[in-house]
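Sharing a structure, written as structure tokens. Questions coming.
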Amino acid sequence: MANIEETLIPKIGVITDVRIDTPDVKTFRVVTPDGKKAFDHKPGQCAMLSIPAVGEAMFSITSSPTNTEFMEFSIKKCDCVTEWLHQAEVGQQITIRGPYGNPFPVDDEFAGKDLLFVAGGIGLAPLRSVINYCRHYRDRYGKIDIVYGSRSKADLVDYNEIITEWVTDDGIDVHLTIDNAEEGWDGHVGFVPNYVKELGFDTNKTVIICGPPIMIKFTLEGLMTLGYEKTQVYTTMELRMKCGVGKCGRCNIGDKYVCKDGPVFRCDQLEELPDEY
Amino acid sequence: MRKCKTDALDAVFAEIAKSSLLYIPTDTEKGAEYKKWSDGMKMSNALNTVRSPKDFFFPQTEDLMEFKVNGKEIEVIDTRSEKEDFVVFGVRACDVKSFEILDRVFLIDPCDSYYANRREHSTIVSVACTRPVETCFCQTFGIDAAAPEGDVSCWKTDSEVYFKANTPKGEALLAKLEGITVDADDKDVTAQQEKTREIMKKLPLAELSADKFGAGKTEEFFNAPEWDELSESCLGCGTCTFVCPTCQCYDIKDYNTGHGVIRFRCWDSCMYSDFTKMAHGNPRLTQKERFRQRFMHKLVYYPSNNDGLFSCVGCGRCLAKCPISMNIVKVMKTIGKSE
Amino acid sequence: MQRIGVFVCWCGSNIAGTVDVEAVSEALKSEPGVVFSTNYQYMCSQAGQDIIKNAIAEHKLTGIVVCSCSPRMHEATFRKTAAAAGLNPYMVEIANIREQCSWIHKDMATGTEKAIILGKAAVAKVNLNAPLTPGESPVTKRALVIGGGIAGIQTALDIADAGFPVDIVETKPTIGGKMAQLDKTFPTLDCAACILTPKMVDVAQHENIRIFSYSEVVEVGGFVGNFDVKIKKKARYVKEDVCTGCGICTEKCPMKKAPNEFNMGMDNRPAVYIPFAQAVPKVATIDPNYCNMLKNGKCGLCAKVCTAGAIDYTQKDEIIEEKYGAIVAATGFNPISMDKFDEYAYNQSKDVITSLEFERLTNAAGPTAGKLLRPSDGEHPHTIVFVQCVGSRCAACAEKGKEYCSKICCMYTAKHAMLTRDKYPDTDVYVFYIDVRTPGKSFDEFYRRAVEEYGVHYIKGMVGKVSPEGNKLMVQASDLLANKQLHIEADLVVLAAAIEPDKSARPLATMLTASMDTNDFFTEAHPKLRPVESPTAGVFLSGTCQGPKDIPETVSQASAAAAKVIGLLAKDKLTGNPCVAHSDELMCNGCSSCERVCPYGAITYVDKEFRMPDRTTAIRRVASVNTAVCQGCGACTVACPSGAMDLNGFKNAQIMAEVDAICK
Amino acid sequence: MQVNNGYQPKIVAFCCNWCSYAGADLAGNNRLAYPENVKIIKVPCSCRVNPMFILRAFQRGADGVILCGCHPGDCHYTSGNYYTRRRMALLFSMLNFLGIEKERTRVEWVSAAEGAKFAATMNEFCETVAALGENKRLEDLRCKR
Amino acid sequence: MQKVTSELLVKKASELLENGTVTRVLGWKKGEFSYDLTPAVFESGEELIKDFVFSDFSGANFSKYLIKETKKADGKVLVFLKPCDSYSFNQLLTEHRFDREKVYAIGIPCEGMADVDKIKKNVGDGIIDIISDGDRIVVKTLYDGDKEIAADDVKAERCIVCKSKKCVAYDELLGDNGEVIDSERFDEVEKLEKMTDDERFAFWQNELSRCIRCNACRDVCPACTCEKCVFDNPKSGVENKAISDSFEEKMFHIIRAFHVAGRCTDCGECSRVCPQGIPLHLLNRKFIKDINEFYGEYQAGAEIGSRAPLVNYTLDDIEPVDAVKKGEADNA
């Protein structure tokens, strides 16, 4: 019995690095105690992290699947698990199980397409693995545009990586924006949905969007006015996942289980679901 | 088919108990309950147990694992152990069907080894109904109370008990009973079945149909205005979900004993206001949404994902136990607009 | 999670003697949150405090656990230490491993194990501590002194001299208290009136002092710095501001049969009276129980003779409301009733008197104009027996008397005996005593003079019975040293009655929410370190209301209390106790249970609009705590079924964490 | 305090800050011994003690729980201990109604001056609880693993 | 058999709806069988005529629904209060849980409710219909034809020991008001008190071990109206969802009973709804009995604004040690 794999029984993970991204987002690097990556994953998949006696919570794996050494999680402080993680130090062990959920169709639908990533705030976290995956296999995709916005410059997650790596890549345009003007910011100011409209992308792109529901809603509207179809737009709902294995009964929206049928959905698929998300 | 005299049932129990744990429904002051058989214990004639037999596979709480925490280090202790073989004797047709419904949740990939372990080690002996009551509506979901499934099906007549093995597990069990049972034809059984089926037709809920529901009907019913009035007086307690043999929502929680942390799984209820509360918010904020979820799940979502199989077996427990007497029958009639 | 530093104190050998401090600091290292743990000889010393300060800086500590003596000793010290190092003082918890551990356990292993558990409990609590900031409230710069005896007078004068207004509330028509009734004072034998009355005049004339005589406190609300007090000025039927104190009314009053309280009822006074010549305020008072005019409307003589027109038969009790920053209780004492001491025949014979009555008999302003005469027949007594400890040190007879020593009786009896022998050398004076207690400056010398110079017969032993026979009092007593029974034929027996707190103290304590001991003496905030403060903030203790005292002690304590009051009133703002109740509005049902149990009226209800979990908005009635009024008892937290009410510093979670740690 | 072959009951004592905690301090000052298995939790007033704390203590392995507060009439907060008295009278009666030995719970009034009473009370309470043996009726087996 | 008829109540309610006094009516709605009435909100005379039922199975107490219903919309809610419901009504008002101005309360007499489980026990299974006829009840069954039983034999436990036939709160009263009854509701508690500790423990262990923590007792309880129950609140430190150890069922039921002590009106709903048949009312009644004995008779909800015993005290209350002994002395 005890030798049968049980998906609910987690592995041990060790936090080997903690990076402060924004005032309320930290990025944690996690490996197994013997220094390896806990398991392989695909872009957009999630892992269940837990701290005994504190709780379990699902997080998207923000590091790219092409990184074979470790996983990273960008985590915003919001409830007990995340609060606890935010005070954790290097060397702290946690438990990890996964991967959960379906990945973005990077090798199928996305292949050969121009990609437009739209993210707001911590919404970049689930997209980061996709973006870096696409950067890694750069030749498999067309042009990549990234629109990313946050409340302020300080709230932009992974700012360093964006500045030092993404913007320098060929064929990648990064469009950053912040909600309100501030000193030391000479980039765009304004909300993401408006910025997307302003940028007025060609409608041949596949869009991957993640952020606060209100941002998604208005960005979608914006994209529609630009002439996009819902079939071109993908998003992820990993926040709705709980047990990760399609059994606990929480994450379903209509007959779809986010943890099994998602968390990645195409917007036309979402449209078919009852309005309960 | 094999049979024995009714008064040989004690010997049957004794024989089964020799090689495995045996549970039978037995009468208590508060109704029938499954109990571990011991010498002299009589099987209840009650139609059904107060509590459903889902506990055998999906107990109210079960420990999943333990953690030891030492400074920054964590040790995971796998506390699983191989279960003993056990036999549940006397499960009604509706409840037997509930196991299939649970199986389709727990045994699909990734398989839940806790559930699977119990399931593997169990042998289910069903017993056919002869006196269904007004709250019974198993036939609505295509269940034949007179022909229960299970590893072994069994029929009790006035003087005899008939056994029929349906699975290799069932055959193995009957093999053990060879000394007590004799071969039999199915004449009496068929007669009994016919009689029972006649009664079924006369039940008050006999006309209740699930035809309007099923896979792909989300749009049709999700926004029905009737959900408001139906859910209006719902207390948001978990009675219906906990007495239900097919409700399987759970929560995983940790308990810090001071010496370690036990991670356990426990029943949870989609009727509870915090059921879907997660870090980012709660997608089902009102009782209406929660109420709708439960019935939509049983009547539409589950069938959508499970070849049209409904996740209600018509056992009638919720009809008897809901504090405010709201139940799936009233929901089906109202939402399905039938009288 | 916190970053906790643990500091284990040896307290010299007080702790280290029975607790392996090294093992304790080591064991606590692996507790959750602990990042630093050490031990030191005296944590409370400057060096010890420096260790803490340095560790806070070096290890970025967010919480501190000090395993040391009782928090009642040094919690404040370590909180200050933390604050000095920039840490919120309420992030400090004390594990009491001295009083609760090293001092009561003899075995090192036992002591160490327990100390570790106590330390773990403190760590568990600190893990859940949150920085607390005390609220601020303004200070009303006015003090109230309740009681106008020497204690109250001294306190009031000192406060007033410091520049703060003071009100004295005295139930009697005049201030002066017991001291005004005394003849001479020990051990210097100066005249009580001579030293007291100038102070009374000072009070009367002090621009910062108001006297509410013939008044009492009837209601106290509010809290330190902001007391709201209602004072009832009883009707004295004489306009205070008009009466000149000439005394004509008292002379003319035809009703002269009222017992004279000032002379312990040994003579009578008129219905309109001024208690004594030097009374302050020197204003007449009409006793409604005796005044014919007030009783049946027949007389009115005093009004006719009063040239100032001060008499006002229609006067009513008046309620004065005033705000105070501090309140001093100086309610004083009384001799206990002799009713239960039949063996001394106090109620059978007029010639058995109490010491206070004796004072009046020897006082020039007393009923006998200072001549020592027997109350029964006015004859000069030739044999006087003084009985000590009547009702004091009555461990076995608690229902009759008091368990404590009344402290002043030995000395005043020596004084009485000495003065008697001095004035009337023909008088035999016997003093029966259990012990003679003279631990004061020049006290023992004084007592020895009574014995050696004045030939007072001190006999160790108790008087068993006093029986009046004819005009004599037969005193049966035992002489313990000679081991024989004595029979003395006495003319006067003087009982050194135990003293007890004034009866007004108990209801006053309730109003003040100040605690009392079983004898109704006010309890001090700390018996040694805070002897003039009540545990209730802003309430101070002066004189015998706190415990038996002689005059010099009373005056010192009175001044000490004044100093504390001045210290308080000198502040413009008070920082409160941040350990107050807090209501989680989202959880609150508005049921009023908390409001009903709050002894301070600190909880009120407000209607607020809330966004409910089901996306609706609703107006809900929720509790709101006035943090300046809340004293942090926690009664509301248990009354609250939803757990909305919690107590800062003693949160449910914190206490449960302690429970868990202890029971582990 | 070693009854039953060295069996030592675990005792949780909730002491109010103003009277009983000071009383315990006084017991310490006077070197009056009481069993080491008595552990004190300081609360501002006995009325701060929630019945949940008492049950929690039993759950976590306590064998006896005692509340100490100021004598009635002496509460620092004037009325706290009166509420304690009512709450605990009802709670203890209820616990007993459920078959929990009544000797496992107690309320005792101990003033700041009653160091001797504090020690004596603890000694006596421990002895009483020790005689009952381990708390089996309100235990949580998970905490005893 | 109830003295007031459905027809009368429907007529009354329709009038009040029609003349605008109320905009909606809380009432019992017809079910599948004769005994499964559901609390419902009626908004028109037609709805009332179609589905409103007042019978021996109209046990549900609407007081608690008023908290939600009065906040829902403008206009008054009509509520029918049986005597025992009226106590809950007052208690909720005492605790400021709803706005009295938004309710029109009609007091109605109650002859006691029937317990369908008792009927099933008495006449067997397969009940098709139940017809009240004076003090008799006729039960039509699937297997045994019509059976007649005395109404008293199948009365709900709480109605057998009814404490009061007096409506203590109403805007209007139908029929005559009854009296407070000197009931024998503490007999069961006394029986338990007379047992030994061991027996009592065994009794409760057996009863409480069946608890499935469905929270029906709590959710139906008119005294349990907390915005969030401590047992649902992760921050409370005592949150628990399911019973993982027999301790937790005791904890839950003791604390729940304690929280409603002095506030519980003894309506008995907790026991009625328990799917596991646990006699939870005995816990509440123990508190009520103790309160009466220790602090003088007190009936929660008898008058609005009364001070509950647990937020009150006298200087000479019984000491806890004597309180526990008292129970014992009574046993002896």
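Just so it is clear, A, B, C, D and E label the chains in written order, and each chain counts residues from 1 on its own.
The rule is simple: contacts are C-beta pairs under 8 Å (C-beta built on N, C-alpha and C of every residue); 3 or more make two chains touch, one makes a residue touch a chain.
These numbers were taken from a predicted model, which means no experiment stands behind them.
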Shortest chain-hopping distance from subunit A out to subunit B
1
Touching subunit D and also subunit E, the following chains:
B, C
Based on mean C-alpha positions, which chain is nearest the centroid of every protein C-alpha shown?
D
From subunit C, the most remote chain by mean C-alpha position
B
Return the distance between the CA-based centres of subunit C and subunit E, expressed in whole Å.
53
What is the distance, in whole Å, between the centres of subunit A and subunit C, each centre taken as the mean of its C-alpha atoms?
69
Residue numbers in subunit D touching two or more further chains are 51-52, 56, 60-61, 73, 79, 83, 87, 140, 142-143
Expected list for subunit B, residues touching two or more other chains, is 251, 253, 255-256, 258-259, 262, 268, 273
In subunit A, what residues contact two or more other chains?
none
Which residues of subunit A touch subunit B once you look at their complex with the stated criterion?
1-2, 4-12, 50, 52-57, 78-79, 81-82, 89, 91-95, 239-240, 242-243, 245-250, 252-255, 257, 273-274, 276-277
In their shared complex, at which residues does subunit E touch subunit D?
189, 192-193, 197-205, 230, 237-238, 244-248, 250-251, 254-255, 257-258, 261, 283, 286-287, 290-291, 294-295, 309-315, 317-328
Help me check something: in the complex, which residues belonging to subunit B touch subunit E?
29-31, 47, 50-51, 60-61, 63, 131-135, 199, 202-205, 229, 232-233, 235-239, 241-243, 251, 253, 255, 262, 264, 266-269, 272-274, 319, 321, 323-327, 329-330
Interfacial residue positions of subunit D with respect to subunit E in the complex:
51-52, 55-56, 58-59, 72-73, 79, 82-83, 85-102, 105-107, 137-142
In the complex of these two chains, what residues of subunit B are touching subunit A?
64-65, 67, 69, 72-76, 78, 80-83, 105-106, 108, 110-114, 117, 215, 218-219, 222-223, 248-256, 261, 263, 265, 268, 270, 275-276, 278-280, 283-284, 289, 293, 296-297, 300-302, 304-305
